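In this document, chain identifiers A, B, C and D correspond to the written order of the chains, with residue numbering beginning at 1 in each.
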Amino acid sequence: MIKNDLSIFEEIESNVRSYVRGFPTVFTKAKNYKMWDADGKEYIDFFSGAGALNYGHNDPKMKEKLVEYIMNDGVTHSLDMATEAKAEFLKKFKEVILKPRNLDYKVMFPGPTGTNTVESALKLARKVTGRTDIISFTNGFHGMTIGSLSVTGNASKRAGAGIPLNNTVTMPFDNFVNEEMDTLDYLERFLEDNGSGVDTPAAMILETVQGEGGINAARFEWLQRVDEICKKWGILLIVDDVQAGVGRTGTFFSFEPAGINPDIVCLSKSIGGYGLPLALTLFKPELDIWNPGEHNGTFRGNNPAFITATESLTYWEDKSFEEGIQEKSKLITEFLHEMVTKYPELEGNVRGRGFMQGIESQIDGLSAKVAEVAFEKGLIMETSGVNDQVFKLFPPLTIDEEGLKRGFNLIEESIKSLIAKKELVAN
Amino acid sequence: MIKNDLSIFEEIESNVRSYVRGFPTVFTKAKNYKMWDADGKEYIDFFSGAGALNYGHNDPKMKEKLVEYIMNDGVTHSLDMATEAKAEFLKKFKEVILKPRNLDYKVMFPGPTGTNTVESALKLARKVTGRTDIISFTNGFHGMTIGSLSVTGNASKRAGAGIPLNNTVTMPFDNFVNEEMDTLDYLERFLEDNGSGVDTPAAMILETVQGEGGINAARFEWLQRVDEICKKWGILLIVDDVQAGVGRTGTFFSFEPAGINPDIVCLSKSIGGYGLPLALTLFKPELDIWNPGEHNGTFRGNNPAFITATESLTYWEDKSFEEGIQEKSKLITEFLHEMVTKYPELEGNVRGRGFMQGIESQIDGLSAKVAEVAFEKGLIMETSGVNDQVFKLFPPLTIDEEGLKRGFNLIEESIKSLIAKKELVAN
Amino acid sequence: MIKNDLSIFEEIESNVRSYVRGFPTVFTKAKNYKMWDADGKEYIDFFSGAGALNYGHNDPKMKEKLVEYIMNDGVTHSLDMATEAKAEFLKKFKEVILKPRNLDYKVMFPGPTGTNTVESALKLARKVTGRTDIISFTNGFHGMTIGSLSVTGNASKRAGAGIPLNNTVTMPFDNFVNEEMDTLDYLERFLEDNGSGVDTPAAMILETVQGEGGINAARFEWLQRVDEICKKWGILLIVDDVQAGVGRTGTFFSFEPAGINPDIVCLSKSIGGYGLPLALTLFKPELDIWNPGEHNGTFRGNNPAFITATESLTYWEDKSFEEGIQEKSKLITEFLHEMVTKYPELEGNVRGRGFMQGIESQIDGLSAKVAEVAFEKGLIMETSGVNDQVFKLFPPLTIDEEGLKRGFNLIEESIKSLIAKKELVAN
Amino acid sequence: MIKNDLSIFEEIESNVRSYVRGFPTVFTKAKNYKMWDADGKEYIDFFSGAGALNYGHNDPKMKEKLVEYIMNDGVTHSLDMATEAKAEFLKKFKEVILKPRNLDYKVMFPGPTGTNTVESALKLARKVTGRTDIISFTNGFHGMTIGSLSVTGNASKRAGAGIPLNNTVTMPFDNFVNEEMDTLDYLERFLEDNGSGVDTPAAMILETVQGEGGINAARFEWLQRVDEICKKWGILLIVDDVQAGVGRTGTFFSFEPAGINPDIVCLSKSIGGYGLPLALTLFKPELDIWNPGEHNGTFRGNNPAFITATESLTYWEDKSFEEGIQEKSKLITEFLHEMVTKYPELEGNVRGRGFMQGIESQIDGLSAKVAEVAFEKGLIMETSGVNDQVFKLFPPLTIDEEGLKRGFNLIEESIKSLIAKKELVAN
């Protein structure tokens, strides 16, 4: 091919394409936190496939297992028939993840995408409770199929439905109104007042850190009170850990430090380890009232993904991996606070936790410009929030300090160059 | 592992699992039309991953390309950024598939499953027309997320939604009522009468051969008249070719022999070639009014699937592959007619076309028994229809005559043994 | 007032006003089948308040009772408190209407309009069965509030909702497709096939003669089969007798000659006798699972209407009133057939039964012109059907032969004058 | 009839009947603020037909006009044809009500009940804006048909729908959460944040004083801010003045003292003057985009109600009537505050304004007991609130001081007797 020629995409791919617009080059190769394009230009990846590549690109051990499996003609596709690859995954997931955390979950394999696990969670919650409504939270993002979109906050995504999105109620996420107002006082009044017009819902669904909605991290106390409210009113708690899970916030599940035990957990993105499609819906055994095949999907048994997923769990066999994430998280936090202090022109504030942090700038359009300039300089980084008001550091968890610092430097350079150009002020 | 031990699935996998119940063994290896379990038992595969493995298991050329790509650290996961793998796929899809068929479609990559492409198609149709309703057809199956489930006929699947499924109208598929009644007379009366209570819909969605709904093949005249009706009333025609497409009926798209040109086409299952998750939504360029990112999904750029998908298209570079399917289809038809004639106890009739045929038995429970006995004898075959009333021959298109005949023999032996046991009569 | 001045209506009444446009004069006085406008012009009323004035205008006996009640300061408004007027109505309704017909119904008073009784019927059916869907029929008309509008066929009325109308399925009314096709074969296929996409509904709702939808009279065999189907599938049958009931078709309930016994019956319009607002919902005692106040309405106890309603039931104390309606109905039928035969230019056919008949003209716009010319000549008559394709004879049941003939003459004169002007041909 | 025999109601009226349970006697006669039952027992009416009898029972002047109209064979029922009675009403309504208040509204006559005007308002708002959602408020009550019920807060009423109630968002009414939280901060955050999941609605609908929801009076500042927010975001403001309008709060429209000018106003209950069914929907002329007949109803032209409504407007020709209401309101306020102070056992607080006040007791079941004892003593008074926590003083506006005091005495006696019996404490 002609190197870095984007014409085929412009010619034949739908206008719906998006990331190729922000990162306009043709990528050919990738390794851990680096990517290369067709011109051989190297990029530092602070994007990680929007959280699908927590272990970096093409992890060597997973790669070895994957190639071995393919070479041996292991079963590739099997719907939900039993395969050795699937059995091994289930065993290791139980031993390495569930057991040490005292979590007793049944595992369901919906179709291998985030929205499929969310849809299955919503269906199950409605089936178990016999209720129809779901409470979701402001700026939540849960997917693009009609069920998931109904619990997603973003107005332009919602408009894409073409039909009214119903059977849901949106409540304010932590700190939505202002810092003084405990949004759960508000929520609980609605539940306790039989005249509130808010019927007792089947479930509440939330992300502990909202990845698409602006890197909003709920306080642990807030999560604990949500959990208590759910228990009090017999409402199921669904944690959508598709983006915040699998180590992104420093623990395997993002809700661990809050000490809560959700009824249903949605996993996808990095659960496959290598960037291969896979999704899991976990739920308490007493909720497992599905009929056989009542929710299904052709690719729910993606065996190559089981192979890499199983290998990826090795990272979690001892505490060192988690500790490493947490230490590196501090570097990110420090760096971001430094930026905010050093460059008041940003009018920024630091958001998020773990490997899920960013700077929200009050200046309209600034965060997007930082990401744009950074890309020119060789850093892949995306924005978050309904107005792209946050630039979001999402390096792989496997990045080393050197990689982090190279990324930090590119970000600081981008900020500096924008300040120098006096391009910061919004119109 | 202890060979063929299903205990981990029973212990930890949700009750929702289904195929593992009908095929209760642990599979380890697969090649073209054969699978092996952990005991080394060989099975003939007349199931093909419910249509996701039209090229058989682990096709050697695709395998070679796939391993090469992985070994070279090609980009695995890339959302919808541009990659070389994706560019190559788009080019070849255009050259080998679209151009020779005079089809001018834009290509969208929704999440990599059938239900994701259907959801994107429904959203686009509603957005383009500004209307909310979709006409679907009796016994249609389009997926398990809320949007797709709304256009799916199966009552028990629908009940799983836990909410009323709305914004759709079900019309009778070809031959739904009886053979004398042209179901489109009925449909058209509803459209032409402004008092019918059926508002002009955004789109009609259909499968040309209903794979899950009982192997119902619409007549080409019926499809042509649907197409005319859609044009007459300004309704978009969506063909869900997830199961019937990619050669399953003898041509790449199932609608080719009917000579129609749908506005939107949904592809998934075998489009990835190797059983890796991938889905495409095709539509006429004038419909491409999406905003960037208005519908998206983490795994919409599954590069390993692009690699195998691109290689799979080589099969379609000349007419010999299609001719081969069509010739082998005749063998299947002949065999099935022979069975019906030879074993009147089946009270059977032959359904479907191409590599998508089966026998519907009037005897309650019989088709499921045929599949069950066949599995014991070493044949993997599933049933179809809301009451499992059809046993369904779905071998890979790459099977040779010898493989077909081995499968045929196992089916006939199964029928014979059931007749001998006098187990045919329903209670 | 300045006589016949319509300016206040044009100035201040909403554009939504409709009948005043077809009958553009100011009415001041009315008696049985006659009305007078502010200029003293006399009109023959073949409209009867769209079925709300079956006993004609200002029936002398009802008038006497009404004035007496008012003069004595009888309770006018009482919500659903007990009043003497209400007690008397209930007793007489039971004695004169229910008992002789062997109907054992509970009586509910919803708000005093047709749409309120329909809404209450739909709610009750859903509550009793725990199901959400309602089957309605093409060209049915049941009211303008969201619940009733959902089961109404007319597209422009439906569009007024501004939201998708859901939880309903429209099935073809008798003779909807063509005369050969028994539409219930079709309906029943949908119910019996679990893959049909039509979930078992809570209820079916229908008018035995569709008053707004084009004066379509269902055959008795058709109604009987609907009844059987409902029983077979555990579906409640709701007959909306708001327009066709209270004698309009020749018997008190329109369904009597079909020999069916609906689960729920909706009454309004003429049930108040004098044109005063009142509505009843009747249902079998075993369905009466309402909680107190679960459905209510401020004007459900409209005592002046109870007074006139009670008096109106006197008409039904012996058979002579019914026999009179039936005899006069024959005159209407004969006259309409004569018109169709004598004036083939009408391209007409006779529709309906009893005092609910009309001529449907194939010529676009003709029926509306007949009504328009007739009004000029002193006859009030409306059209029916989604395209106003029917002119509809709706005299009060109390009209005498002379009145009928005067009306017939005006209609024939109107037809003749249109033929003479050669205005019949549609553009 | 046998006096005060409730057996016919128990035998044949549906369980849904409600007020007859709280006021178990048969009423026969009524005059201004007094009612009599079949035993000749006299009752003071502090209920006023739930606000439908603001001018008391059987006002002599209206009665005279009404009887005269009936005696002269004035048109009783006319759908929306023009009648003299209707013309007179429109003229006087314009002259006496709209003009002096500088209100330029078009007048629509929906079906003659509160829920019909609300349904028409919601439809119009959706039609005008092209949006689907409506914001309603906690503890709002707007009616029992599906559209109105969707914007009603009461959980048990909502459950009666039997289907999910959609296309609405409930926001907190004034003081809903606690006295510190300005609920509009919250509402506005939802509107301004595009990720809030709350799409810009077509309209907000509210009662300025919630009559069924617990006599909650919004502060004027709160109403003014709602009005500003609506203007800022292009949202229509609908005031449902069905219960609080027509003088109940001291001015004709309840919103007058707040100085706001709603886009749409719903009137019913007392607008007919005499307790006869009537409803009006008022809206700004620029919103009048209805097609003729797009919303209709058989009894929208209830001429006897036009006659009494026209006469009732005479009360508003000078300021004295309003001043009288306001003066007597003070007596009510004083009395209620006295009760709360004098009887701390009530744990009561005074709610509401004008002739729409009551005492909310913190003690479970107490308010209902007060009403029950009062009825025995000869006072008709109902409770309000989802738990009947408020007893509600709703005398006619035409009551004199003597009548008020008689009612006050009966209330105080009831409270005293309950305290004496030590029945106040909740279980």
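The definition used in the following text is that a contact is a pair of C-beta atoms (placed from the backbone, for glycine too) under 8 Å apart; a residue touches a chain by one contact, two chains touch by 3 or more.
The UniProt protein names, listed by chain, are A, B, C, D = Diaminobutyrate--2-oxoglutarate transaminase.
As the structure is a computational prediction, the values presented were derived from the model and not from experiment.
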{"item": "Pair exhibiting more inter-chain C-beta contacts, B-D or A-D", "value": "A-D"}
{"item": "Over-half contact-pair match to B-C, picked out of the listed pairs A-D, A-C or A-B", "value": "A-D"}
{"item": "Mean-CA-position distance for chain D and chain C (Å)", "value": "31"}
{"item": "Distance between the centres, which are taken as Cα means, of chain D and chain B, whole angstrom", "value": "58"}
{"item": "Euclidean distance of C-alpha centroids - chain A vs chain D, Å", "value": "50"}
{"item": "Sequence positions of chain D contacting 2 or more other chains", "value": "132, 156, 163-164, 166-167"}
{"item": "Chain A contact footprint on chain B (complex, rising order)", "value": "1, 5-6, 8-9, 12-21, 23-31, 35, 38, 49-53, 57-58, 63, 66-67, 70-84, 86-88, 90-91, 94, 106-116, 119-120, 122-123, 125-127, 130, 132, 143-148, 150, 156-157, 160-163, 166-167, 202, 242, 268-269, 274-277, 281, 283, 288-299, 302, 304"}
{"item": "Complex contact set, residues of chain D against chain B", "value": "163-164"}
{"item": "Complex interface listing, chain D residues touching chain A", "value": "132-133, 136-140, 151-156, 158-159, 164, 166-170, 172, 176-178, 181, 185-186, 189-190, 193-199, 213-214, 385-387"}
